[in-house]
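Both complexes below contain subunit A, partnered by subunit B and then by subunit C.
Moving on to the complex of A and B:
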């Protein structure tokens, strides 16, 4: 039973990420006024897939060979595993566990850990530096993003994701927690490696990214993991801040539309903003971004957590 | 039956990887440590302590292990590591015995108390832990916070180096031009 559900989830993710790759290419081409290949550019992803499959697999010579082969799969798993707790509709979720939000955070941290290990296992200093850059970047924004999640947990009073969605029936948390919404959105950009934060590929700063040594199937796993991660981050934003499967207003017409479609619409909105940020913004300098994370975001979100906790306490007890 | 099987698999897994932490070098031992954390968090999940399991993953496997991974990578520790592990084995065994006797003491003297706490934890993890932490152990909790705070301040103090030149970008200094530094030239056709 659960196996068939997992297979359905995996194939849905596969289809969604293939679609995402296609849409992303079309949109970037449209924004930058580039011509795309024939047949609406449909053949290009297929050609890319063929090229990647028939690439030569190159392995490092040292002791890290086994780790090098295993790690892309583990990285992919750590990101797909997050989807187990994300509720797409009332009751439509693989495992609606009590500590769903915590599980998400734990998996985020694990995937960061795996990036360092990938850098190490590649046995090349360029991959190592790429991994260190990515990790320093993510860790700088990780803490403030976790504090943003804490704000949502304080307001909803539960760690179960479906409870968090239901608690947003009156007002989505992107309105009262708007600054935290922005913080979490920027964290999502960092995690999905979108250009204002695309340190790992900004040529003159580092000489490559952590996946530089991977070819063929290993690279397919890492690249797919990135797109699944984009889908995942938009789903997480939808659940935490945009009211999950709930329609924006309790109007008859809106209630007619099935709630899964609402979830999909909100996710696609997030994805569109991701892609437009990718095309529109230049890459900033590395140290500026890390300082921005540590010195601006972290103190601000700490203050916001205290304020949110104080407000919740006062409104619950009625005493000041 | 099923749960017992999962328990034994996780337990053997964690013990084997804990042993391998000591007997493998540098990065490998950190990877085995991560494996210990993951399997122990699985054990916590079996007990129904979801909060503890996730916290173990977040704090140890996530934050702590990343830092530990950086250490051998940065310091370039090679095979000497294993050698020191053997040299310090007496110290390690002493500490291990001390910790084990502490655990035995707690289990022997305060079984009642422990049972109460565990039964609380089964009902609703986060709430139960919060109620115990902020009432019975409020002062200890605050003390932990103070210790961590002192650690943060200590790290910042270590990083401040007075008298050393700190390399940083001074953008205003880099792009400012005074009028006498600039020379206007009239180019002839050949120079253009």
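Moving on to the complex of A and C:
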């Protein structure tokens, strides 16, 4: 029973990321007026994976070989594990734990820590500095994203993700908490390495990616983890801010459509915005982005949390 | 399904995922033929000889950022249970957290003045 659920989840993630890679290439090509393969292009990611699979695995000569081999696995697992708590439909979730939001935050932290360790275990300066740069970037936006989640928790009063979705029946949280929605969306862009924040693999410093030392299978898992992460971030945005599986209005016509489809539609909307951001925006200077995260986003989201908590208390009790 | 079972389910899921990935990675790295050329095993340095290893000195600002992040993330984690139980703890809990956040923001302003994010 549970094993079949796990297999369904993993194969769905695999199929979704293959589709996502294809759609991303197709859209980027369309924006840049290039032509790429049609439906058979769907085979391209699979072919790439097969080709990488038969490459040679090169381990660094050092004391970090075991860590070097295990880290992509752990990194991939820390991202896939988040999917265990994401409710796709009413009751369609692997583990609807009562601290779902906290679990997600913990896993986000874990994957960030693992990036540092990947840089350390690679035993290469380029990997190390790439890891440090991308982690410093993620860390600058991580706290404001956590505060955005806190705003959602204040409104919903529960950390269980299905409760959070059900609490949005009257109004999706992207409307009352719109600035926090923007903050969390930008955090998602940072985590998925979309270009305004794509330090780790950008243009003239393209050597500075943390996965530079990885070949063959290790690289497959790191690259795969990136696309699973894109899917994950869009699902998290959907659950926290876009009302999960709920239709936008309680109209008969909308209720006819299965709620899983609504979830998928909202996820694809987020993914499309990610991909268009990837094509459309230039890369900004690194120090400006880090300072922006710390000096603008963090104070602003703190003020928003206090305001949201005060408003909720005053409207609940009716007194100051 | 009760909560305890659910917890075990996702832990089981985690372990399963780790296990299969480890198996795949190790099997491949063992099974593929090795063509041992010495150059191949050196770290990437854009074709230059390696002068220094990774574990040399780093820019101090990375440490500053990491320290500030650790302090603030611990503080922000406190907000999670506070946010979910806001209706039971009422105004007393609210003002307690405001005091806590005020102390936290003194640290933030100190870091700002010291130039922790000045690159």
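As a working rule, the second predicted complex is superposed on the first by the 304 of 320 C-alpha atoms of A that agree within 3 Å, B and C clash if a C-alpha of one lies under 4 Å from a C-alpha of the other, contacts with A are read in each partner's own complex, and residues count from 1 in each chain.
Just so it is clear, a contact is a pair of C-beta atoms (placed from the backbone, for glycine too) under 8 Å apart; a residue touches a chain by one contact, two chains touch by 3 or more.
Source: prediction; values computed, not measured.
Residue contacts after overlaying the shared chain place A:6 against subunit C, while subunit B stays out of touching range. In the superposed pair of complexes, A:290 makes contact with subunit C only, with no contact to subunit B.
Shared-chain residue A:125: touches subunit C; no touch with subunit B.
In the superposed pair of complexes, A:250 makes contact with neither subunit B nor subunit C.
Once the two complexes are overlaid on the shared chain, A:117 sits against subunit B while remaining clear of subunit C.
When both complexes are overlaid on chain A, the residue A:54 reaches subunit C alone and has no touch with subunit B. When the two complexes are overlaid on their common chain A, residue A:77 makes contact with subunit C while staying clear of subunit B. Counting residues of subunit A touched by each partner, subunit B versus subunit C, the larger count belongs to C.
Using the contact criterion defined above for the overlaid structures, shared-chain residue A:316 touches subunit C, although it does not reach subunit B.
With the contact threshold set out at the top, residues 97-98, 102-103, 105, 109, 120, 128, 132, 139, 159, 287 of subunit A are in contact with subunit B in one structure and with subunit C in the other. Residue ranges on subunit C touching subunit A, taken from their complex, read 3, 6-7, 9-10, 12-14, 16-18, 21-22, 24-26, 28-29, 32-35, 40-46, 52-54, 58, 62, 65-66, 68-69, 72-73, 76-77, 79-80, 83-84, 86-87, 90-91, 94, 97-98, 101, 105, 108, 112, 116-119. Residues 2-3, 6, 9-10, 53-61, 69-70, 72-74, 76-77, 80-81, 84-85, 94-98, 101-103, 105, 109, 119-120, 122-128, 132, 136, 139-140, 142-143, 146-147, 149-151, 153-154, 157-159, 207, 212-213, 216-218, 221, 286-287, 290-291, 294-295, 298-299, 302, 305-306, 309-310, 312-313, 316-317 of subunit A are the ones that touch subunit C when the two sit in their complex. Of all residues in subunit A, those touching subunit B in their complex are 67, 97-99, 102-103, 105-106, 108-110, 112-113, 116-117, 120, 128, 132, 135, 139, 159, 287. Those residues of subunit B lying in contact with subunit A across their complex are 27, 31, 34, 50-51, 53-55, 57-58, 61-63, 65-66, 69-70, 73, 124-126, 169.
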